[in-house]
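The data blocks that follow each hold one structure.
Shared between the two complexes below is chain A, which has chain B as its partner in the first and chain C in the second.
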Partner chain A sequence: MSREFSLQQTKFVLGYARRLVRGNPALWAIIGLMLIFSAIVPDKFLSTSNLIAILRNFAVTSMLAVGPTFVILLGSIDLSYMGIWMFGGALVWLAYPYLGLFSIFLYPIFGLLVGLFNGIVYVKAKIPSFILTLAMTAVLAFLTTYVRNISGVLTLTVPAYDFLRVSPVPYIPSPFLLAIPTIVLAIFVMFFTKLGTYISAIGSNEEGAKLAGINVARYKILAFMTSGFFVGLGSIAIFVHLGNQTRVDFDPSELIRGLAAIVLGGTPLAGGLGGPHRTLLGAMVYVLIFNGLFLLPGVDPNHLKLYIGTLLLGAVIIASKALKGALIA
Partner chain B sequence: MRQTWFTREQIRRNLNTIIPITGLILLIVSLRLANPFFLASWDSLITLVYSTSFFLVAACGLTLVILMGSFDFSVPSVLKLTAMIFAVLYPTIGFLSIPAALSVSLVFGFINGLLLARFNIPSFMATLATSMLAEGMAQVISGGYTRIITDVAFRAISTTMIGPLPSIFYLSSLIWALSVFFVLATPYGRKIYAIGSNLEAARLAGINIRFVRISVFMLCALLAGLAGIFYASQIQGAHMQVGVLDTIPLFASVVVGGTALTGGIGGVHRTLLGVLIIRWLDSGLSMIAIDLNVRMIFFGVIAILMAILTIDRRKVKIVK
Partner chain C sequence: MESKSALLEARNVSKTFDNTVKALDGVNIVVHENEILSVVGENGAGKSTLMKILVGVHQPEKGELYYNGQKIRFPKNPLEALKLGISIVYQERGVIPHLKVYQFLLLGLEEKFTRFGRLQLKKIFDVSKSVFEELGINVSLNTFMYELPLSTQKMIEIARSILSIRLTVGNGGPSDITPIIILDEPTAPLSLEERNGLFHYIQNIKKNNSFIFVSHIIPEVMRFSDRIYVLRDGKVVAHHDLSSAEVTEDLLFREIVGRVSYYDLYSKYRYGVAEREGKGVILSVKKMSKKGYFQDISFDLYEGECIGLFGPSGCGKSEVAKSLFGVIHSDHEEIYVGGSKIKPKTAPYVRIKKGVGYFSGDTGKELFIHWPVYKNLSIVNFEKIIKKAIKLVSIINFKAEKELSEKIVKKLRIRTPSVQAECHSLSGGNKQKVSVGKWLEKSPRILILEDPTIGIDVGAREDIYEVLLEMKRNGISMILVSDDPKEYVILCDKIIMMSEGRIQKVYSNEEFRKVMEA
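The block that comes next holds the complex of A and B.
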């Protein structure tokens, strides 16, 4: 009897382990990368300053990617995160003289509004979401540069938030601490609310979700709003990371960062699978690869874009396995 | 009974054609009113020809892909890469650098097509990844430096005056005319429309969709490469900022011409109007000292509005 029980237990543990390996290859990538880099360049990789840098970069990358994951779950795509991050910062800078320290709350509000706009246009006008949100990002980003140009300053810095840059916990950088609420909230929305379940349902089978009585149009708009809200909330961490300012020059290659984290984490572009928890792992993979890569001797930072492109290409090819069967445009 | 052309139904049906044409006329008139130097002399026309021609070639390629219902982000990056390869290799191997650059662009098109048709990756995602590769290669090849070629022969490709206009005008018009012929009058062109209208139906009708999709992406990349070579020749070299700001205007010029994002509607012939509108608007607005960023915002808004107008909503059930 006891032998049988232990056999069952072993089977259960093995099954769980198998599911963990299959379900989260990113987790193993993280462990592998950490082992590899600490074996090759232990003095550089495991130094305190480098580990802090990893945490900072993780905060930035995951904050760009957690929000859009909800839209990718739908099977659509939301590239407006860069616009929300950039122009939200400009809004904070513009509103600071009037609202004082409260102006930082414009970030999530602005993100929510952009998400609402994206969602309504996407659902009502039925134009492909990637092009809508790309144009949105471009419009907002160029608007940010324009605000900078006409205001006659070099950077849109709000020095009054300097207290946010000081971390109350030793060794943990404040952008990481600021990212934690967004992470917790995103995982809560994903697993403990109707919204997360319905978004996944729509992503895996839109027709089926409709027949099951889900108000598809409403939940699509809500998904875009969730995305915008989390990007706005997360942008506060990036804002602090950059020294209480926002980015003012638009570089489309930054768009890759969020997408790469999502795809590396294992949320397929077809939607229905994955979620923000996987995106967090994907962001960590992305950060570790680029942190470790440039610590290696003989790696030229000039080749950065080449590596990012290769990585993303590999990631989308692996992720495309989930898309088999359907014909994609 | 005589057919009347200006009923409400007719106007609504031909909105895709009416908007660009009236837009262009209004644009020229209003830019002329705002700035008396716009199109005031032959020289200013030649300047506009220079700013329009290479763009038209790249936009023709993008139109082919959009007609198929896909999208290609990598056009500006491939344009930059070929311009860079052409300029970097020219001092050593002369005009052999043109086939070298074009074959690199063809490889990029092939990869894009393969990723879509074989690996079933959404084209915008696949081309986003390959555009990073192209950017990275351009960076590696040039080391980030601007290349200036002072050779007269290098410059002659685009700027030889044949009659009153530079050679780039004739070259790009020829390419445009060829691709219009190709798309409207050959079986291959009709297959592009068929795929854009309904991929599944095209496959069931016996069209080799994998071949057509890969070859259209290769054509698009080839045209982007040609645009890069013309542009490099026109500006006497290449630099890392080539094409950086072209993504939104390129896309805008295709949809402003009246090609729908969902595919199957529009055509390369329409893109000429779109390119004229977007590039002349760009030149005209910069002549009355409108900030570059404002122009870009403007193009983004125009692109989205036109995309909403041109899409055929009856056809698509689920938009991703």
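The block that comes next holds the complex of A and C.
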């Protein structure tokens, strides 16, 4: 009896593992990249400091990408994460003298508001989301630089949050710990709530969603709000990672980073499939490629962005091909 | 009997798909010069397969083809068909709206007008102009396609077919070959006036061309064709020469659907008609209109009753059904569901809350094909599977979701390995059951059915009827729109006959059977 039971359990676990790997090609990429880099540069790649760096970068990349995944699920795109991250930090800096430590909560609130604005304009004015959210990022990035310039400081740093930079767990960097709530919450929303179900329903078959009685316009707006909220929440981890300050100059490669994590993870830009869980894997793939290449002998760090760009191009093409099969999670 | 000479003749054509489905079985068909030939039949009768064989998309297993009396082989691809002068205008292929007329006209034919890599615009304009003049199309070549009415767009598509035939066999001018243009349900997207315009145009240009008109809209076929072939289950069951013999719409209709004993059907499924006595009106429609589609539609639907909207395709019945659910919006309507008024332009999600449901047999439109069965079944039943209802982030109770979907799967005998299986792996009939099954637990007050059994086999059909009849016995009112009169006999208590967008007559089930049997 008990033996039968354990046999069934083993079968179940194996079946689950098989589905997990089949449904998430990024898992293969992660395993492959780790093996390759451990074989070529074991002492550098597997050193404690490097593994910690990987965790830090993973936190930053995934925090940029988890939120917008919800909008990409819809079949639209949300590039405003860069703006939310940058100007949200400026708001925290501006509000600190008045709100004290509470001012960090402006981050998710601001994200939510930007998402609300994006969503309403997208649904009501029917402006392509790509243009709309890119413009949003441009405006917010400019405002951030402007705040820095008129304040006459070099960086928008809030030293009072220094306590957040100290990790209570040895070897685990604090940005990674700060990212965990966002990750858990995003996966929860995706799989355990009506909101997540409705968003992926719209992305998978908008007509069907309408016929099934989903208020499509409302849930599109909510998807943008979810995106903004998670970017805002996640930006706290990035804020801490950068030394309690925000970025004040716009760098397009940071914008690509979020998008790359989503696509590499296997959420197609056409929407309907995938989700934040895949984006996490995609973020890991991105970080491993970047980190590993940096360590390889003979790779000029100055050319790294070029290599990354080329690799990404190839990876995106392969990923989109692989996803044409029946890989569904 | 045949005075005109046969231009194209196909004899004994047979085609089987997947070794089992006999799409065509020994079909003989003759096309004369300068005539409009109609091929009519139900969905799945083999019309499209026959046309696809003529244009070289499919190859028949058996059969011979004669061209001007000479035996030739069947075209192996569309280009070979073009060389014979055969071209097809598909129903949905449609135009590219943002091209100018001349660009669209020559789409894919540009190489004939290119010299040293440059398009010779003057030559293009000359050829196009002469074709338009010949065919009597009065449109500037520089207009954008989207600026033109749909019927004119269709005319230009026909002109394009003729032109591509001519350019394939010659230099673009009139040639010895008579083009045979196949029109696959050309009128489907057109309004009534546009249809008439298109047919007058076709009649005007038939002196130089032959047309094969594929359709199931009987009045149009009767009015505009010279001869009619009726296809049923892959065979030619009737042939009418309208110049020599009278044909009535009724006769043609019965030939298309075949002999059915409506009484047998009725007694097989029905256990008494729903009585209105003592029941309340659940849906009241007053003066619903949509310009170009339907006018002054008014009726009352009682509790537990099923009303069918019946009429030829294009009579406005499916538009009425879609408007009732809010998928399209009527211009004017007064609808009361259970006494409370629904405003026009109310979205489907609001109507669902008031108790209106909608089910169409078009599973591609309805299902989330990559989702597991259980999620497709629970999508309209969210209030039943929610653990904690905080309005937006209501948390799903997976156990309840699983139980709900397993209950439906069991009840409808949906054949699926488990409720976890993804919908695209299911057969057509089972997909349809999933699609209708989601309403089973929702219990709307009114369910609107549009072609509920389209494209599925007889066995699966019966299962769907059983489900619908059980829902009806449980007091759910229904509105049915379908192309199959048998379905009305099985499901409906009252049948509203529509024609050209208006209600003509209301039959009881018994009267309807009499009309159909007559």
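Criterion: the second predicted complex is superposed on the first by the 298 of 329 C-alpha atoms of A that agree within 3 Å, B and C clash if a C-alpha of one lies under 4 Å from a C-alpha of the other, contacts with A are read in each partner's own complex, and residues count from 1 in each chain.
The rule is simple: contacts are C-beta pairs under 8 Å (C-beta built on N, C-alpha and C of every residue); 3 or more make two chains touch, one makes a residue touch a chain.
Since this is a predicted model, take the numbers as computed values, not measurements.
Enquirer: In the three-chain superposition, say which chain, chain B or chain C, touches more residues of chain A.
Expert: After superposition, B is the partner touching more of chain A.
Enquirer: If you stack the two complexes on chain A, which partner ends up touching A:G272: first (chain B), second (chain C), both, or neither?
Expert: second
Enquirer: Classify the contacts of A:P159 with the two partner chains as first (chain B alone), second (chain C alone), both, or neither.
Expert: Once the two structures are laid over each other on A, A:P159 reaches no partner at all.
Enquirer: Once chain A of both complexes is superposed, is A:P170 in touch with chain B (first), chain C (second), both, or neither?
Expert: Neither partner.
Enquirer: Go through the superposed model and pick first if A:K194 touches only chain B, second if only chain C, both, or neither.
Expert: second
Enquirer: After the superposition on A, what does A:G298 contact: first (chain B), second (chain C), both or neither?
Expert: neither
Enquirer: Identify the residues of chain A that lie in both the chain B contact region and the chain C contact region.
Expert: On chain A, the residues that contact chain B in one structure and chain C in the other are 207, 326, 328.
Enquirer: Under the stated contact criterion, what part of chain A meets chain C in this complex?
Expert: Touch list, chain A to chain C: 189, 192-195, 197, 201, 204-205, 207-208, 210-215, 222, 272-273, 326, 328.
Enquirer: Which positions of chain C touch chain A when the two form their complex?
Expert: It is residues 325, 327, 347-349, 352-353, 358, 360, 365-371, 375, 379-380, 382, 386, 392-396, 422, 424, 438 of chain C that touch chain A.
Enquirer: In the complex of these two chains, what residues of chain B are touching chain A?
Expert: 68-71, 115-116, 119-126, 128-137, 139-140, 143-144, 199-200, 203, 209, 244, 247-248, 251, 261-263, 291, 293-294, 296-297, 300-301, 303-304, 307-308, 311, 313, 316, 318-320
Enquirer: Can you list the chain A residues touching chain B in their complex?
Expert: Contact set of chain A toward chain B: 75-77, 121-122, 125-132, 135-136, 138-139, 142-143, 145-146, 149-150, 206-207, 252-253, 255-256, 259, 263, 269, 302-310, 312-313, 316-317, 320, 323-324, 326-329.
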